[in-house]
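Have a look at this one.
Going in written order, the chains are labelled A, B, C, D, E and F, and every chain counts its residues from 1.
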Amino acid sequence: MLKQPQTYLDFQDPQARPRHTGIASFFRAPISQQLDGVDIGLIGVPFDGGVTHRSGTRHGPRAVRDQSTLLRRINAATQVTPFATARVRDLGDCWIEQPYELVTALKEIETFYRAVTAAGVVPLSVGGDHSISFPILRAVAASGPVGMVHVDAHCDTGDDYMGSRFHHGAPFRRAVEENLLDPKRVIQIGVRGTTNDPDMWGFSQRSGMRVLPMDEFDDRGWRHAAEEARRVVGNGPAYLSFDIDSLDPSHAPGTGTPEAGGITALQALRLLRDLRGIDFIGGDLVEVSPPFDVGTLTSFNAASILFEILCLLVEAREKRQPLR
Amino acid sequence: MLKQPQTYLDFQDPQARPRHTGIASFFRAPISQQLDGVDIGLIGVPFDGGVTHRSGTRHGPRAVRDQSTLLRRINAATQVTPFATARVRDLGDCWIEQPYELVTALKEIETFYRAVTAAGVVPLSVGGDHSISFPILRAVAASGPVGMVHVDAHCDTGDDYMGSRFHHGAPFRRAVEENLLDPKRVIQIGVRGTTNDPDMWGFSQRSGMRVLPMDEFDDRGWRHAAEEARRVVGNGPAYLSFDIDSLDPSHAPGTGTPEAGGITALQALRLLRDLRGIDFIGGDLVEVSPPFDVGTLTSFNAASILFEILCLLVEAREKRQPLR
Amino acid sequence: MLKQPQTYLDFQDPQARPRHTGIASFFRAPISQQLDGVDIGLIGVPFDGGVTHRSGTRHGPRAVRDQSTLLRRINAATQVTPFATARVRDLGDCWIEQPYELVTALKEIETFYRAVTAAGVVPLSVGGDHSISFPILRAVAASGPVGMVHVDAHCDTGDDYMGSRFHHGAPFRRAVEENLLDPKRVIQIGVRGTTNDPDMWGFSQRSGMRVLPMDEFDDRGWRHAAEEARRVVGNGPAYLSFDIDSLDPSHAPGTGTPEAGGITALQALRLLRDLRGIDFIGGDLVEVSPPFDVGTLTSFNAASILFEILCLLVEAREKRQPLR
Amino acid sequence: MLKQPQTYLDFQDPQARPRHTGIASFFRAPISQQLDGVDIGLIGVPFDGGVTHRSGTRHGPRAVRDQSTLLRRINAATQVTPFATARVRDLGDCWIEQPYELVTALKEIETFYRAVTAAGVVPLSVGGDHSISFPILRAVAASGPVGMVHVDAHCDTGDDYMGSRFHHGAPFRRAVEENLLDPKRVIQIGVRGTTNDPDMWGFSQRSGMRVLPMDEFDDRGWRHAAEEARRVVGNGPAYLSFDIDSLDPSHAPGTGTPEAGGITALQALRLLRDLRGIDFIGGDLVEVSPPFDVGTLTSFNAASILFEILCLLVEAREKRQPLR
Amino acid sequence: MLKQPQTYLDFQDPQARPRHTGIASFFRAPISQQLDGVDIGLIGVPFDGGVTHRSGTRHGPRAVRDQSTLLRRINAATQVTPFATARVRDLGDCWIEQPYELVTALKEIETFYRAVTAAGVVPLSVGGDHSISFPILRAVAASGPVGMVHVDAHCDTGDDYMGSRFHHGAPFRRAVEENLLDPKRVIQIGVRGTTNDPDMWGFSQRSGMRVLPMDEFDDRGWRHAAEEARRVVGNGPAYLSFDIDSLDPSHAPGTGTPEAGGITALQALRLLRDLRGIDFIGGDLVEVSPPFDVGTLTSFNAASILFEILCLLVEAREKRQPLR
Amino acid sequence: MLKQPQTYLDFQDPQARPRHTGIASFFRAPISQQLDGVDIGLIGVPFDGGVTHRSGTRHGPRAVRDQSTLLRRINAATQVTPFATARVRDLGDCWIEQPYELVTALKEIETFYRAVTAAGVVPLSVGGDHSISFPILRAVAASGPVGMVHVDAHCDTGDDYMGSRFHHGAPFRRAVEENLLDPKRVIQIGVRGTTNDPDMWGFSQRSGMRVLPMDEFDDRGWRHAAEEARRVVGNGPAYLSFDIDSLDPSHAPGTGTPEAGGITALQALRLLRDLRGIDFIGGDLVEVSPPFDVGTLTSFNAASILFEILCLLVEAREKRQPLR
């Protein structure tokens, strides 16, 4: 920014400045138009073409960017300092040129992410709907299937729907079919709600995923879920996909497919912090739909969760290869 | 609907169609103008003439209908399939012709429900304020006193208020006095808040009802509450009355008499699911006041709870006499 | 409805009942599953697949239905009594089975409307986005091109966009190309705003449409616009398409493509009332996006405008062939 | 207030203090528990028992009080200084002890106002629904029929409805019948909308009231309306009743019976200012329903209008008998 | 109030009247302009000049007053009857004459509170931002350092910021430095979030305060926190400072510095009730920012918490010296 | 942005891309950290330290940026193409390092703008409160007094207030005193409302400014106002200051000092377009307070007005010295 601090040098760091100031990039991280010198790339994917009911997640990245400016430099709970440790950049949006063609749109996303991962940048994405995780996985898991911690009210391993193989209820079935995910190393946490498909969790279970439904989460707590996640995912590379509808609607009303009776924000934060040590190579936070939000509650909680995911990615990246 | 599916036959079932489509009946169930061939009748009672403070629950039925379209066919937690098991119909509204006369208005409601129960239809009602439970009980308990599971922030067993024997704080005192409820078989769950009447819970306790206050609920959990409910109500016929203000205001801001520090939506859902086996012969969900809602959070949680009550009623009905 | 009036016989007419009561059909008109005996069919088209920016109009029909219950039986300004004059029915929604395929989706709509018009029913539709007008016109103008009064902030005669010939900015170009509209008998009222296309109004003007921009409307008033509309459209059959974004955002914030500085609701109502005499054979009201609404202002104004369009259609229908 | 200015003596006047400070009385006027030494009494009437559809105006007085703190001491348009000219006091609320009995409730209001007028205090009331004007007129017009300027979307001269002679659509019919109003000296401005009663304006017109509908207002402007008002009302004592639903819903969404296409706030302010010289002996502003408001737009516009009415009452009072 | 009950004598007590009636003082307590005969003084401090990011708490007192009218006379959980036990008065606002000068502004507050405490009145304040606690402590702890129970997401023991020694993140560092607080008798409950200062909790810990972070609170519960509070604070005089941002944003979205993952309203209420016995000599509730609230959720929860603090202050006051 | 168009080359221009995509800069203009090669600099000034009542305009720049993404490349009314004609850049925010010191803060702003104008960049600023115009004028009018078109509900030529010479009600008095404005070449349009100062417009009038109050604007229209503006300002250099509270609250509820009865958005747009030809050398749009907005109505109208100001500045700049 042109405006430089004159008196208080701390303000040279954008993240230390008054939080209502400056163009709203993710966490007020530097905006970068290139991939060189970037360790972690924050990317918006303003696409909700995979949704059949309530849409609006195309507006998610901007809303999360805005609220993410409320976060600061240091994770008080874990002492992780993501921006000091890694070169974290806001890479802007992976927008869609041909939104009317779902298959083409997903291909556009895949192409973008292949460039990102080819440059060695760890991607942390903000949707958009959950259909985006599939093309992202095509890039992230290009060299072999990965594990996944998946926090969501839904398994998202459904089959074709309304004439399409690809939609926000199916990304992980497609990913298993394409050998992008190793279902034995996948855990799905927070699943609940009503369904139209008697076999809704069927694919997840038959393929070997660990489904940890909301009732189990509620009975045994976030520590149990984190323990199960670490056990299932193991030491190999893994992806983290966080659907904001895993949260209770009182914590995340602004989403397209709310399900009553979910995870609290506090549980989500603590669950994530307890995943330290897993070798995360990418992550996403999806399904924030600002037009359905009240105040900015959903976007704010989403930004807070995104910060925890960022910390996990930074730590994992540092562990794979020391930075700086 | 005139629009019939041409490609995907699943969509012959209205509840399988995209959820933003179709006129908003409760759960998109068929609208019926007659009682023949109906097992469970969903009924709106848009009346809030029993309220002295914040009103607006007259708009409750439409708001809950709208949000109930987000629910699907199968209860993933219990595998109950209410619409496949029973003939569930939206019978429209029991509206009030003479709202300025509270006694007459309640009589109108009673007359309507006597027709419903006379036809063997199990009523599941959406208020409206809590005063409606009294005339409904006059119909439902016409052949003798029933038990009741009552989830509420208030006992609603108060005495005359502002010149009226009938109001939304008194239905269950009146019901006991008329021998519609067997107080020994009544449990009141979630009671809390401030009061103006030193004897507020007095009638409940003296008449033999089991008052399970919020603190006990919080200390011992929903399983304890459900266990107590099953113990107290026993095997006889019972009514289920759910006041949305039992929920914490963060889960149900849209109500007339909020009390801080209540039940979460998740606790409510699990409590209700754990009441399976009780011989419920009717139920209501009351006090949703859309003008005070934020977003549609209250209506959505109310619809989710209504679905659980529906499942309980269907199972109980099936158990009394096999359907189909 | 099961609940019948006992004391005040006026309430036999649903539209005379207290307005917060009953399932929310358009104007509380009877819901009909068949076309026989219907003069005017009110139809929801919950489809916004033609939108590339802010969506949400798929939720428009329910929101307009809800607010339309505030309207009453008699148009006080014109004394028209639509429900007494014609058999007006809510035909439910023309929902979309294959929303991922825009061309197929529009074909679904066309098929539905061909059945409606074949039965002699005059359709009055509530969108949904403006792309729906094109397949509706395929049915309405099946026997030859029609004129049109088009009130909108945009001409909607754009060309291909983002890889699609069909979208909410192009329906009337496509309609002219298919000879469904006679551009010489088309007037577009209220056009304004910013544009990306230097030739934005070009097709409209070259094809012979009368573009009456907002500035002219503001300078000369609604009477001038109505006069021009009657002059341009003449005596032949005509369609009426009302895009809610023609209104000023202070009157209609809940829309996807707002343009500052538009028509007031009062001007819109008076403009429409002054179109009496035109031979309207169908109409639509589109682009109400409830997720972007504040309160229910947009839906309420939309319902009020819909009522005026209904009156126009009823009068025109009656004039073509006396009813009852 | 205990907190007294120490540096800037201007702040001795509560109305000069920062506007977000202090308990919210009307215009931050002194709160008075007695009638002695009061020229103009501002009174809240939090009663909406006369409403059959959307309620909530019982919350009107508090919301208008809150927004009225934004107003200042001097009317910049007319230079009137109401608080310096007259002893203006907030007399608190005329609340209702027996809300379930409409007739009794109205009697309670009448009794209260008889005490106010007996003490020579000019009452300016904030509703509450329009049914309150009738008992107020019983007090204000105790010594003979008065004229009235009535700004409203509705005539409110309807007959019995839903079993009651008294409701918010009938106060002025009852007032004429009881000889409280001289219908020849009554003008009703802004009337419009739909109706269920073919004779809706009938009583007004037959009794000799001047009905100035919205279309005439729109065609001829506020100066014409003011001129007509002065002509009709003449020199005798008159009451001013302002129903906030006379405003366009874009200016006053928070009301129970909105009608599209109304008066703007600017027109209302200028109309009122042009009524200077009429011998107003009381006034009310009714039908503000905060639960239906967006932001505080309706309450704010209501407070601004209330200020103009206050200025009119102060000037008329001063003219009848010099103050101070 | 002028309006006196005629039929139901209970209504002589303002707090027994219908809750939407009357000018909104705190809990509808009598408004007093003098300190004589007052035991507990409820005071608004509409000042947010100590904030650098999101402001708006200057509107807090009015919003909390409004919602506090929903509370009643008796604490159902503890049976405390604050208004019957002590003379509780709303003393109005301590407003600021020189808001542009932070130091002067805080001095104005101090002067006001010195008068309050000199009169033997126990102050219970509603902010305003947290900077106000410092000048209040200067008055409350005039005769020696006090202990404190501090519930907050932040320690508020930071150092100079943006050129000021005084701001809403530093009051308690300043208070320790001035010997107003005995840090060994201070507990801070609920601390969490991100930080820019690696030493953020440093001053608290080095000075000897007991920091009980959110994770510990979540792991061990409110009973543990209350026990720790009683242990740390001991028998000496203590102040209670409750920052509404200690609550989870789903319970208190309307605050300037939200931190995800906080205390629920129920936990807060029970924690406070379990502090009975501590010798509280004053308290405050701060950081309610109505412009950021959704519905009135934050203000309502704040009012409910304020009621519990009031009960604590009344009991402690009674214990020090019997009242009445 | 990293994401480049592959199929539709039009999308190389960020402003042609789907409007919900990309980081929200003003009008999606390129973000620039340097002044070289910039003709028009869009600058946010997130400062509201000059406000004494309702604040929140510190959040204005981000909210206007967000809504400005809805605007497109071409002004359809005037055919001006600002981004093709001039190098328009978003220069980020002029944030404040020492917000607690109003004088210092304003000095920070001045310093920033002196750098901007020294580089020959024409500044177009978004506030923030109106106090920012004064330090901006110190830079813009460094070489001699300028004229001004000032659209506002208030004259903002007040004197010291609450101990400060500088506040959002005084910038233009200070500017006249410092010879930055030539009062004879200043017009103030839209002034209205209530006041506490009997001499409120006094300084404006005595110094020779042309005050064109709202009533005159309403009587004679925007063309008259534009004509007067051109006459008063003449041919010399001029500044344009647009306070969003000039708009009617129904068009701009999100502001700190609303005044009922203002300018419509349409009138504002047309007024501005009719100012073409004036030699504008800078401009600002101030007082947008997002926390008080409903939906995003105020921000959207503000962005639309900002676009018109941008067009004026581009044309004036081009006229002074041809670009490109």
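Convention: contacts are C-beta pairs under 8 Å (C-beta built on N, C-alpha and C of every residue); 3 or more make two chains touch, one makes a residue touch a chain.
Not measured: the values here are computed from a predicted model.
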Could you let me know which interface, C-D or D-E, is made of more C-beta pairs in contact? D-E
Comparing residue numbers, which of C-D, A-C or B-C shares more than half of the contact pairs of B-E? C-D
Just give me the whole-number Å value for how far the CA centre of chain A lies from that of chain B. 38
Multi-chain contact residues (two or more partners), chain D: 7-8, 18, 20, 52, 54, 58-59, 97-99, 162-163, 248, 250, 292, 294-295
Name the graph shape formed by the protein chains and their touching pairs; answer line, ring, star, complete or other. other
For each chain, which other chains does it touch, given as pairs? A-B, A-C, A-E, A-F, B-C, B-D, B-E, C-D, C-F, D-E, D-F, E-F
The chain A residues in contact with chain E across the complex are 7-8, 10, 15-16, 18-20, 70-77, 248, 250-251, 264-266, 268-270, 294-297, 300-301, 304-305, 307
Interfacial residue positions of chain E with respect to chain F in the complex: 48-49, 52, 54-56, 58-59, 97-102, 104, 162-164, 167, 291-292
Residue ranges of chain C touching chain B (in the complex, touch as defined): 1-3, 5-8, 11, 17-18, 20-25, 31, 33-35, 44, 46, 58-59, 62, 65-66, 90-99, 108, 111-112, 115-116
Of chain D, residues touching chain C in the complex: 52-54, 162-163, 191-198, 200-201, 213-215, 218, 248-250, 253-254, 257-262, 292-295
